[in-house]
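Please see the structure below; I have some questions.
Read from first to last, the chains carry the letters A, B and C; within each, the first residue is number 1.
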Amino acid sequence: MSGFLSSTIARKVAMALSALFLIFFLIIHLAVNLTSLFSVDLFNNLSHFMGTNPLIQYALQPVLIVGVVFHFVLGFVLEIKNRKSRGVKYVKYNGAANATWMSRNMEISGGVILAFIVLHFIDFWFPEMNTKYVLGDMSGMLDGEYRYFVELQHKFVEPWRVVVYVLAFILLSLHLLHGFQSAFQSLGVNNKYTSCIKSFGNFYAIVVPLGFIIIALFHHFSQLNH
Amino acid sequence: MNMNLTLKIWRQKNAQDKGKMVDYKVTDISEHMSFLEMLDVLNEQLVSNNEEPVAFDHDCREGICGMCSLFINGEAHGPDRLITTCQLHMRKFKDGDTIYIEPWRAKAFPVIKDLIVDRMAFERIQQAGGFISVNTSGNTTDANAILIPKKDADLSMDAASCIGCGACVATCKNSSAMLFVAAKVSQFALLPQGKVEAADRVMNMVRQMDLEGFGNCTNTAACEVECPKGISLENIARMNREYLCASIAG
Amino acid sequence: MTTLNSKIPKGPIKDKWTDYKNKINLVNPANKRNIDIIIVGTGLAGGSAAATLAEQGYNVKAFAYQDSPRRAHSIAAQGGINAAKNYMGDGDSNYRLFYDTVKGGDYRSREANVYRLAEVSGNIIDQCVAQGVPLARDYGGQLDNRSFGGTLVSRTFYAKGQTGQQLLLGAYSAMNRQIGRGKIEMFNRHEMLDVVIVNGKARGIIARNLITGEIERHSAHAVVIASGGYGNVYFLSTNAMGSNATAAWKSHKRGAFFANPCFTQIHPTCIPRSGDYQSKLTLMSESLRNDGRIWVPKKLEDAKAIQQGKLKPTEIAEEDRDYYLERRYPSFGNLAPRDISSRAAKERCDAGYGVNATGEAVYLDFSSAIKRYGTEKARVLGIENPSKEKITELGEAVIEEKYGNLFLMYEKIVDENPYKTPMMIYPATHYTMGGLWVDYNLMTTVPGLYCIGEANFSDHGANRLGASALMQGLADGYFVLPYTIGDYLAPDIKTGKIPTDTPEFDQAEKEIKDKLDFFINNKGTHSVDYFHKKLGKIMWDKVGMARNEKGLKEAIVEIQQLREEFWKDVKVPGEISGMNTELEKAMRVADFLELGELFAKDALERKESCGGHFREEYQTEEGEALRDDVNFAFVSVWEYKGKPSDAVLHKEELKFEELELKTRSYK
């Protein structure tokens, strides 16, 4: 990497900006999904809007994908460089004495999240792209009604997938517990508001993944009776 | 009560040697001894057995010169907080303990011998911009000509209290030198005298830091915890700001 | 016989320096490029000199045994730096600083040098602020001052309890600027082992690369020794472990006269020794005496109970405490000068009133200050009828802001909370006023060999006042040497590079190599530290805070014997090449073993008590130092003649034209 991104601080800043973008995206994603808990119609309508609006599909979606890929690629590039910065390893290294597990293992939580995203794409995004752009069916309809809610429900029948989702969101939570305030620190925000940012970050890091977990569990258990 | 201890110490003849951990035993160690005095006891023992003593950096032995630099039981300057190795006392250990003693580990800090590392990377970073370009001629304005708010002076002093020991690098999982560099950048950025060349300073010092092969900061804050002078992470945020502004304006 | 010429300029004292500067030779900026200067030691004096000379255009080669100039022991100075700025409006002036320093030094310093020091003191502060040294400020944004011992004004500038650190980092940053520009070539982890004299002039040094073990030759047109003091001759001192006298002592052996070796400062406020394993002593800044009160129990039985651990200091009632400094010296009280405070502590402890297990400690108590500050703070905050606890809490916060790092340091070492129980302190070797003799230009008796900072015999006479060491180091390095050295170097602009392949360098290098070989091959039975500790014990017991003829004579014989034993029986493991820390120590201790003898000899010859030199035979009925101005108003200047016992004494008479010689009183 050359130019601006060759400096360590610039890379930190890039990681932070992409992270904040993804953090913002997560809220929207959660907000849409939460509607599935109480209104099938609202969920279907919102999903259809998101899936067919040209601005979202052709502008925001590529940006998002680039953001995700950028965040991951840069994250792993940094990790490799960081590992190289210590030639000989310590025989005894007590990392727990001075830093949280979350902060020391962002590559692990990040890796798990990456694996999850692959699964998530296989579950939803690829079929969606296939339907819309390969088969050319932009109607969003199946058997006379919107297909989105049904597809969602269908995915949460199998217990293994629910377990995987729950685990992945726990890791996302851990990732965010460090990542949220870390992003602000990287951008140079560390002042009298920092404790507020930290508290809000912790709140966000727990509530947002918890929301996704509730959605997964809700749809799993709501179908058990049927 | 006096203690008997097992020490596992990194021995390495010189920079080319591969090096290995070697076990030693010391007996009858008083809890009032400093950690380095305990190593003095070991070294006296080694000399009397015609063995070469363990080489370690130390000088002032009162926590200010920044020379001493041991990674003890997996932590920079050992288990206590806000101290250097020379201020660590044996009362932090108990009879029968095994203590691991290793040199600072970072690619930018190669081992010279045993527990002594080469910290010239820090020197080069300072030479790249850790100064205010004023000649020492004495033809300066009166010291009170520019008033400095107490808060700024105090914050600057807090940053300036860095002793350059390298514990931040040693303890960081990424071997990042951000806290060290940020301390100097902050000290000057907070003072009116330092503002004049603040942009050049931060750009030059960060460039040199990167050239030396230190890792990237991931904000684990381990450096802040292990720093013997308690240098705050806020300094890193300040440096990030300074760097961003300098890059954009630059 | 060489006569000493101090080269003090004529004229009224306040004009001497200015007139002199106006008349001395200068070196044209273009010619400075052709001149090399070696500086040994990079503390406040060496570092500031290196930076300034490089800025002026000279090629500077600087040497430090540590891995960075920032680690020189100037960094450990805590309390502050004096300057006659009179920012506090309490009547301070250059003259008053001059007077205090000469009086504090018990009238054994050179008036002209001290006046110059006072004159440039204000400049130092301006300079440091311009460099970004974060000196403490008050709420109005102006620089703050505190009081130090031996003065009646507040003129001490400070940066928390780390003033030396901040000033050194200031000089270090100025050096870094020049290293970056290539004007200073920095030799870290190098130790000077000898000075090379060519045709009577200092023209280079022999240094050992402490990493590779290689012996290197370095040449220059002038050599500046800035290697600090020799307090480690006592083994235990507040000096750094590596602080040594080798550069100064080798210069002495090559012809530089050594002045007043017996003038050593024993600092009253150090953390007491805790056992035989002790490797060094830690100072608690003199600034603590601004607010701490020093006492021991009034009753011997209380002292005994404390020594046995049966009684706590907080359990002793106010009326049973003996605030002995306040009692003996009412006008200066706890801020009596260092020599006087140290001796008073020793007097009480010798009488059996010591307050720790060894009986060698007194209390430094902050409870009244905590109460005073707490009450004051409560009033400022508008708290009516504050509780005792609230006052203590507020008071402790004020104390923490002033001395937090020192209190923390104390707690880590002693494992007691000094906010709650008084600190224990005891005197320890701290600073050496003696050193290489220099003239007004700071040049030794060897042409081209300069000496600055603590390493020279300096401006402090027989006792240094607190916060004056930093002032002298920076004055020498920033403002004096850079001017005076030009006068000597002016004729050297056509000399060209000094070659190192000359017989003088060959000879010096061979002598060093032989000595190193000797140590490695000696294979004796005792480690270097064994001898160093023995030397330290002799020095402390017989050439310490109080000295007498019998003890000094014994000390001289014992040191001679110890030195003989050392050369026969010292064991240095390892190899001559590569890093060998024991070999480094052996070279240093060999020099201490010679210096120690000269030290005792000087103390024996000075048959008076003055400043840090207290001869038991010469005291008043009240136990105060009895100076003899008729017979001893001179600087003892020793010329080396093959061994310390053969050293020849020269005398530089001290003329007091400005000040009247008076008995020093702090009562």
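The rule is short, and it goes like this: contacts are C-beta pairs under 8 Å (C-beta built on N, C-alpha and C of every residue); 3 or more make two chains touch, one makes a residue touch a chain.
These numbers come from a predicted model, not from an experiment.
Distances between chain centres, each the mean of the C-alpha atoms, put A farthest from chain C.
Chain B has its Cα centroid nearest to the centroid of all protein Cα atoms in the structure.
Centre-to-centre separation of chain A and chain B, using mean CA positions: 38 Å.
Averaged C-alpha coordinates give centres for chain B and chain C that are 26 Å from one another.
Work out the mean CA point of chain A and of chain C, and you get 62 Å between them.
Taken in their complex, chain B has these residues touching chain A: 8, 10, 19, 21, 71, 73-75, 79, 100, 102, 105-108, 110-111, 171, 173-176, 178, 206-207, 209-210, 213-222, 225-226, 233-234, 236-244, 247.
Residues 13-14, 30, 32-34, 36-37, 40-41, 44, 46-48, 50-53, 55, 57-67, 80, 82-83, 87, 89, 91, 112-113, 116, 118-120, 122-123, 126-128, 130-138, 140-144, 146-150, 153-154, 156-157, 160-161, 163-164, 187-188, 190-191, 193-194 of chain B are the ones that touch chain C when the two sit in their complex. Within the complex formed with chain B, the residues of chain C that make contact are 48, 51-52, 55, 66-68, 70-73, 75-76, 85, 87, 120, 123, 125-143, 159-160, 162, 165-166, 169, 172-174, 176-177, 179-180, 186, 188, 211, 238, 240-242, 274-275, 277-280, 282-283, 408-409, 412-413, 415, 478-479, 527, 529, 571, 573-574, 578-579, 581-582. Of all the residues in chain A, the ones that touch chain B in their complex are 4, 6-13, 78, 81-82, 84-95, 97-100, 103-104, 106, 178, 181-182, 185-191, 194.
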